[in-house]
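Heads up, the thing below is written out as structure tokens.
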Amino acid sequence: MQAEKKPQQQQNLLEIKGLKKYFPVGGGSFFKKDNTYVKAVDDVSFYVKQGETLGIVGESGCGKSTMGRAILQLQTPTEGEVLFEGQDISKFKPKQLRELRKDIQIIFQDPFGSLNQRMTVGAMLSEIVRVHRIVPRSEELTYVQKLLKDVGLNPEHYWRYPHEFSGGQRQRVSIARALAVQPKLIICDEAVSALDVSVQAQVLNLLQKLKRKYNLTYIFISHDLSVVKHISDRVGVMYLGKLVELSDKHGIYKEPQHPYTQALFSAIPDVSVQEKKERMMLKGDVPSPLNVPSGCRFHTRCPLATEQCKQEIPEFRETKDGHKVACHLV
Amino acid sequence: MRKLFLFALLLAFSFLMVACSSASSSTDGNDASEGDSDNQSEDSSSSNSESKDTLVIGLDDDPPQLDPHRSSAAVDRQTFQSLYNKLIDINENLELEPELATDWNISDDGLTYTLTLQEGVTFHDGTDFNAEAVKFNFERMLDPDFASPRASEVNLIEEVNVLGDYEVEIVLSEPFAPFLSVLTDRAGMMVSPTAVEELGDDFANQPVGTGPYEFVERVAQSKIELTRYEGYWREKPAIANVEIRPFPDANVRVTNLVSGELDLLNKIAFKDIEKLKEDPSITLLEKDALGYQGIHLNTEVEPFTNKNIRQAINLAIDREAITRVVFHGGAVPAVSAFAPSSWAAPDFEQPNADVEAAKALVEESGLTDVSFTLKINPKPEEEQMAQMMQAMLSEVGITMEIEMVEFGTMLDQLSTGDFEAVRLGWSGRTDPDGNAYRFFYTDAPNNYTNYSNPEVDGLLDEARTVSVQEERKAMYDQLSEILWDDAPYIFLYHERDYKAMKNYVKGFEHVADTMVRTESVYFE
Amino acid sequence: MEQATEANVKQKIPNPRVEMFKAMMGRFFQNKLAVLGGFFTFLLIFMAIFASVIVPHDPIEQNYSEIMMSPSADHWFGTDEIGRDIFSRVIYGAQVSLQAGLISVGIALAVGVPIGLISGYYRGFWDEFVIMRFTDAMLSFPPLVLALALAAVLGAGLENAMIAIGIVLTPNFIRLIRAEVIAHREREYVEAGKASGLRDWRIILIHILPNTLAPIMVQATLAIASAIISEASLSYLGLGTQPPDPSWGAMLADGQGYLSDAPWIALFPGIFIFITVLSINLFGDGIRDMLDPKLK
Amino acid sequence: MSEHSQLEVKNLHVGFQKKKTFTTILNGVDFSVEKGETLCIVGESGCGKSLTSLSVMGLLPKTGKVTEGQILFDGEDLTEKSQKQMSKIRGNDISMIFQEPMTSLNPVHTVGKQIAEVVQLHEKISKKKAMEKAVDMLKLVGIPSPEQRVYSYPHELSGGMRQRVMIAMALACNPKLLIADEPTTALDVTIQAQILDLMNSLKNDFDMSIVMITHDLGVVSEVADKVLVMYAGKVVEYSDVKSLFNNPQHPYTKGLIESIPKLTEETEELPIIPGSVPNPDNMPRGCRFATRCPHAQPTCFNEVPPLIETESNHKASCWMFDQRWEEIKKEGEAYASRKETAATTEPVRN
Amino acid sequence: MVSFILRRLGLMIVILFLVSIIIFSLVNVLPGDPALLVLGQEATPDQIEALRDEMGLNDPLIVQYFNWVVDVLQGDFGNSIRDNTAVTTILMQKIPVTLELTVLSFFFAILIAIPAGIISASRKGTAWDYSSTLFALSGVSVPPFFLGILFIFIFAVTLGWLPPSGYVPLTEDFGRSLLLMLMPALTIGIRLSAELTRMLRSSLLEVLQSDYIRTGYAKGLLEKSVVFGHALRNALIPVITVSGLQMATFLGGAVITETIFSVPGLGQLVVTSILTRDFPVVQGAVMFMAFAVILINFFVDILYSVLDPRIKLSGGTK
């Protein structure tokens, strides 16, 4: 798949080319290696511009989280390039990678699991600041407390343990941790999914605020379309390891082109009691990523599938200005 | 799940039923002593010997070998007495008696022994016992490839000549007075030549002799079963079967005797002497044995290069206390290699313990901070004794560490000289030579102490050539004096031998060689 | 939520650790049996440390006129077969047992923790094909047989027995720690650490290790209990503590012969092993509850 | 409508015994469900909505206890029934499905066996008949090739399928009331749509009442006839579904609806409810939402607001709808001017 | 399944290979010369040397190891140094004894552990629970030799109800054999039951917390049916693993108990063989034990997959 060749009026901060991440399944026996793989991410390409928020949406198991980790090199990609500011970071050595961590950060879903329970918030944040020598030692405390303030916490929370915080507060700590190294890009992996609605709104607002304040770029991964739509400038839809549609958010929400995207939107219950719209109900379940359908991966559930869909893998191509779809029917 | 549970319950119940019923039957047997239908031999004191046809013997260890020419463990010999005959036997007074050899003649130069053999003897496999068989046996022991531990006892044999079917001549390379007594032990036991040729190394597991009982089956570390040999040349034994079971734990052995699982024990723990004497259902036979127990001091290493220290130890130890506390009177203090039962036992009495003299000797030695490590076998009695000696020696200013070492390791370290002091004794031989020569003659195989004294060597050599007992006794007396003074080996005590048996076991001949002779035993 | 509450916050600042500790203590003290176990454990440690002050007699002093005396005012637990005071010996025996427990587990920890950490964190060939297979092999020996063989190789004596027991315990710790590390390695906080650019050693030592301490501590306490039994077993078989030092196992082995005449020789050391091990186990259970609020 | 509701919960108080202290979580919950009606209980985590459903089922954990109030099912008070009596009702008259279809089925038994078990338990029929019934039920909930699927183990099914199995199990004895505790939370949207669809159609077929517990207002709008909004163990609003969405009354409900990002609207910043839910051990004496309420007055902190009917079939528990509201506001202003720096008592921890 | 078995077989071979190396090296660094032990004090150095040659003890260790492995692969574990019996013959005599002891012990253990564990878990926090927990902990804490001695003291010495020790094969006298095995089996069984009780309790407690148990109640099941019909089988799965491991351990590990009660089983064999430096026997017996452990683990894994349909035997290592 060819890379994006869009004329760059704005600088591309990150560019992904043909990214693949396969996980081997089972070990096989001693004598032969098993050749089955879970193709968690299969040939995905996109770019992220400086200062924008790219939303990635998809159902569980579609590979969106794996993609986030692969971009960050937390999991080494099986194939493909990850260009950050023009450099292919998938070829980076451990030392370069550590340096890179200053530029790309991640916020995880689970506000309980992603904090070390045995460390105070302050110790955790200071450690990172110290390792990357962000500020001189003497200013460490002030710096970290300012960070805490930035994310809406109290400077005194410096001495607290994670278990003393509520879910929302913990997520704020996670955000502070990501911010501590003054990154350029933050990957938010289901960052608000575990939160209650009222807290989720607080955190979303915070993320928006910080983005403006520090001129951040986000890749926002979530299964919640409303949230993604709210926060993103552009949105990509993933299905079984593939990007099926990618466009700016108005394009994708107003005129979804891929049948899967359409079904996805149609499935969201509306928070209102307007007359119920006609639903596009998908049949069956998402196939196992262990053995993905031939041709278009969506053809098993697609109400419009044709013979061609079963045979040929549809190309991910631009249909309108900045709107890309992988579907034979568009 | 429920089904499984129920099944388990049922099983447990039936199991408990079995347990209860057998338990009650055994107690009944003990109390009321009628139990006519009882084939379990749980009888205690009396009567039902008619139904009982097996003598169950408890041994202190599992005999490793059933081949006398291969055997090196003392416990083996207990079984051999039933399976084999010796050429010559000894009686309760330690006098030689004919067994397979009805008569013997020694040439004047003491080199040629002519044996007349018993006629009409057959091995358990039917092979005839004759002069050829005797020749075969000695040659087997002398065969260097066979590596028999007997070799050292018979290595003076130059040739064995068959003079007739039942007459054989043995020629020695040099005079060896104790030779006849050697023939009363394993070297005199005759194995079947046919069986040996057939079985080779496996003979040890399927022994064939001429003895009163023949081999039936063996389960290692569990039991050895023997049955009466119907073709036995002498009067056949009264009891049909013999079962020999090893019980390394003395307590277990004794409890099994008391409860009636066993009829006879070859060895008891000394602490049980009083208890067994008092038990009305048990006969306890007591006899002075032939061995001695003590400590090998390595005279080539500090501090035992110093004679004063060796003597100090000799004097510091209160042998009375040890025999009383540890052995409950089942041992007598030792001052020489010859037990009271032996004709070679010295007449002189040595001081029991003299702490002051010992202290003086330590002073005299010029050594300070005298210390050494005593290696002992990990057995309760050894530990007790060692700890007592430790306390005694500390009183005279000698520090003794104790290290428990497995028997195998101990033998290894003894032979390589990797020790300071080792607590090890000798089970004893009928002839005094067997108790002294191998340990104290310069460079003799068991001279672990590295002791070398030309005077001692001379006495030992001479005592071998003289056959008059009185003359030999004088020599051994002198030897005992020298050894006490030089003290390369600290003689501690002579064990007495105890045979405990149910009081319905009769006819047991208790000989000082500590063997269990089953031939004469009967139930009453 | 964060505004308006500074007064509250300040009030509570100094004590988060104390509070956590208090909660843990609360959970511990809730378990009555554990408290009892802890009490006995500390009593035993106290006895072991101050043995020389407590005991009425010299533990190795022999008195041939007082052999196998039944318990009395002078000899609380009676005397043994060479006239030594059993109470004094039992108290001194606590030193041996506790030493054996602590040191052998210490050895196992010293070897097992680093190997487990590295093996679990890096996985790969060494982990899969060398370390794991080796622990598999070690674990397929019956533990006492292995300890016995090792003790026989090293020679009798308390030090060697402790080394042997330590070696036998080690694979368990390697496995436990490795499994914990693997579990934690997948946790998001470790990923977050990596994403923050922390070095491996820092993640292993500062982040993963403290989080695995709870199960390690529990396992270690229980291992101390089993090490005490193992030492006693080896001493029982003659491969542990050497005379005249009093070891409960050896005392029991000696006393076994006198069960019918002087049962106290065997019974008292036996009871002490039992109480010690039980106390430590109870204590360990308490620690488990204390460290893991979910379990109760 | 018959003489009594299918389910009527009156002034329900439920709490937990913790060591020496007793913490009351549910504090006077009232609602009723009519025959054939779907009631949604909605609220954020920790508001007590699941506890309400467990109380109805009599499945409170051992430390939990109903301290006050009544649960009337067909007019009979369930709180007075023994466990044995309750077990005859559970699975038969009242069924329940749970949030986690992954763990709510026993992994070691086939799904058929698990469905048949409930049938055999409540209807004296043979094993074979029960199995047949299981097949029928699987067919009913839309599981393909049910004859084979009865022999499947739960792990062989996808999440959506498992939730269908749970539904089949719950409906196997034609219950009068189905309690569904967050039945679609763990599922993907496309699957959620399928399950909601299924439930809606089955509700009509079985003519039963449904109590659905959820935190998702979208789901509420899909299925509910009536809605009960709970906050921190109390009912804050109880209404007809249309009325609730068109005209939410309670500040909490309003805040909740507004803080959800909408697909159809564009907002730069979401309206939010500040703060977080107070700790059950440290509840305000008065209105529990007072600590986060933009309109809160001193009275709100001290006095529990009654459930006030604001329009037909719409009640809200807020002083704003009381006649005294103007007075209360005045009092508050006076108070504020007296004590400028009055701090609220929001607890730090949750 | 096939790939699982293949993989496990490969793994077993590797582990056995390592075990063989470990035991061989251990045995060969044991102090003490077996030749000396065979020949005793009366042997001459020449004889010892000759015997060492004959036994191959003078070959380089690698050669000795290689020879041994080659023999073992042909099913020949060599002969005992002590009595020249084939090691396989000795093992064949010992295995039934230990097997009888192990099976009986397990029988007792299960008999005690299952009810105790169930009561303890389902009546959590009650006096029942406390007493069963205390029992379990006591059982784990009591050293086997002390328990054995205590049994002998009480049942044999004081009460005289049971024979103190000894062994009769089952085939010879069924009742008596069981009677003799009663105390040793109880000694092991109590300890084992204690471990299983603890295991079952915690596993059952965990299972009772799970969602499907709540589902069971929601169906209208009573506690009894929930515990027996739904919880127990799930709770037993980890217990079975532990039992499997324990059984494997006891197959070779009842060292102390066998010694105390003079049960001529594998444990006693190994102890005496180590102490008497009977190298071929030690090697053979330990190889057998390790093999038994590995084999039992293998079967436990298979059993596991039978009990728990979630587990597929894919052969991945954990």
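Here the chain labels run A, B, C, D and E in written order, and each chain numbers its own residues starting at 1.
We take it that a residue touches a chain if its C-beta (ideal position, glycine included) is under 8 Å from a C-beta of that chain, and two chains touch if they have at least 3 such contacts.
Here's who's who by UniProt: A, D = Oligopeptide/dipeptide ABC transporter ATP-binding protein; B = Peptide/nickel transport system substrate-binding protein; C, E = Peptide/nickel transport system permease protein.
Treat the numbers as computed from the prediction; the structure is a model and nothing was measured.
Peer 1: Counting hops between chains that touch, how far apart are subunit B and subunit D?
Peer 2: 2
Peer 1: State the pair with the higher C-beta contact count; candidates are C-E and A-C.
Peer 2: Pair with more contacting C-beta pairs, C-E versus A-C: C-E.
Peer 1: Return the distance between the CA-based centres of subunit D and subunit E, expressed in whole Å.
Peer 2: 53
Peer 1: Can you compute the centre-to-centre distance for subunit B and subunit E, using the mean CA position of each chain? Integer Å is fine.
Peer 2: Chain centroid spacing, subunit B to subunit E, equals 37 Å.
Peer 1: Measure off the straight-line distance from the CA centroid of subunit B to the CA centroid of subunit C, and report it in whole Å.
Peer 2: Using C-alpha averages as centres, the distance is 45 Å.
Peer 1: Centroid of subunit A to centroid of subunit D, CA atoms only: how many Å?
Peer 2: 32
Peer 1: When you check subunit E against every other chain, which residues touch at least two of them?
Peer 2: As it turns out, subunit E has residues touching two or more other chains at 11, 30-31, 157, 233, 259-260, 275, 317.
Peer 1: Mind pulling the residue numbers of subunit B that touch at least two other chains?
Peer 2: Counting only residues that touch two or more other chains, subunit B contributes 251, 406.
Peer 1: Please output the residue numbers of subunit A that touch at least 2 other chains, ranges allowed.
Peer 2: Residues 164, 166, 168-169.
Peer 1: In the complex of these two chains, what residues of subunit C are touching subunit B?
Peer 2: Per the stated touch rule, the residues are 60-62, 64, 67, 81-83, 152, 155-157, 237-239, 242-244, 250, 253-254, 256-261.
Peer 1: Can you tell me which positions in subunit D touch subunit E when the two form their complex?
Peer 2: 57, 59, 83-84, 87-92, 95-96, 98, 100, 103-109, 117-118, 121-122, 153, 155, 166, 169
Peer 1: Show which residues of subunit E lie in contact with subunit B when the two form their complex.
Peer 2: Answer in residue numbers: 30-34, 36-48, 50-51, 54, 79-80, 82-85, 90, 93, 107-108, 110-111, 114, 156-157, 160-167, 174-176, 178-179, 182, 228, 232-233, 259-260, 262, 264, 268-269, 272, 275-277.
Peer 1: Applying the document's contact rule, which stretches of subunit D touch subunit A when the two form their complex?
Peer 2: Per the touch definition, subunit D meets subunit A at residues 44-45, 158, 160-161, 188-194, 196-197, 215-219, 221-222, 241-242, 245-246, 255-257, 259-264, 267-274, 276, 348-350.
Peer 1: Give the list of subunit C residues in touch with subunit E in this complex.
Peer 2: Against subunit E, subunit C makes touches at 33, 128-129, 132-134, 136-145, 148-150, 152-153, 155, 179, 225, 229, 232-233, 236-237, 249, 252-253, 256, 259-260, 263, 266-267, 270, 273-274, 277-278, 280-282, 285, 295.
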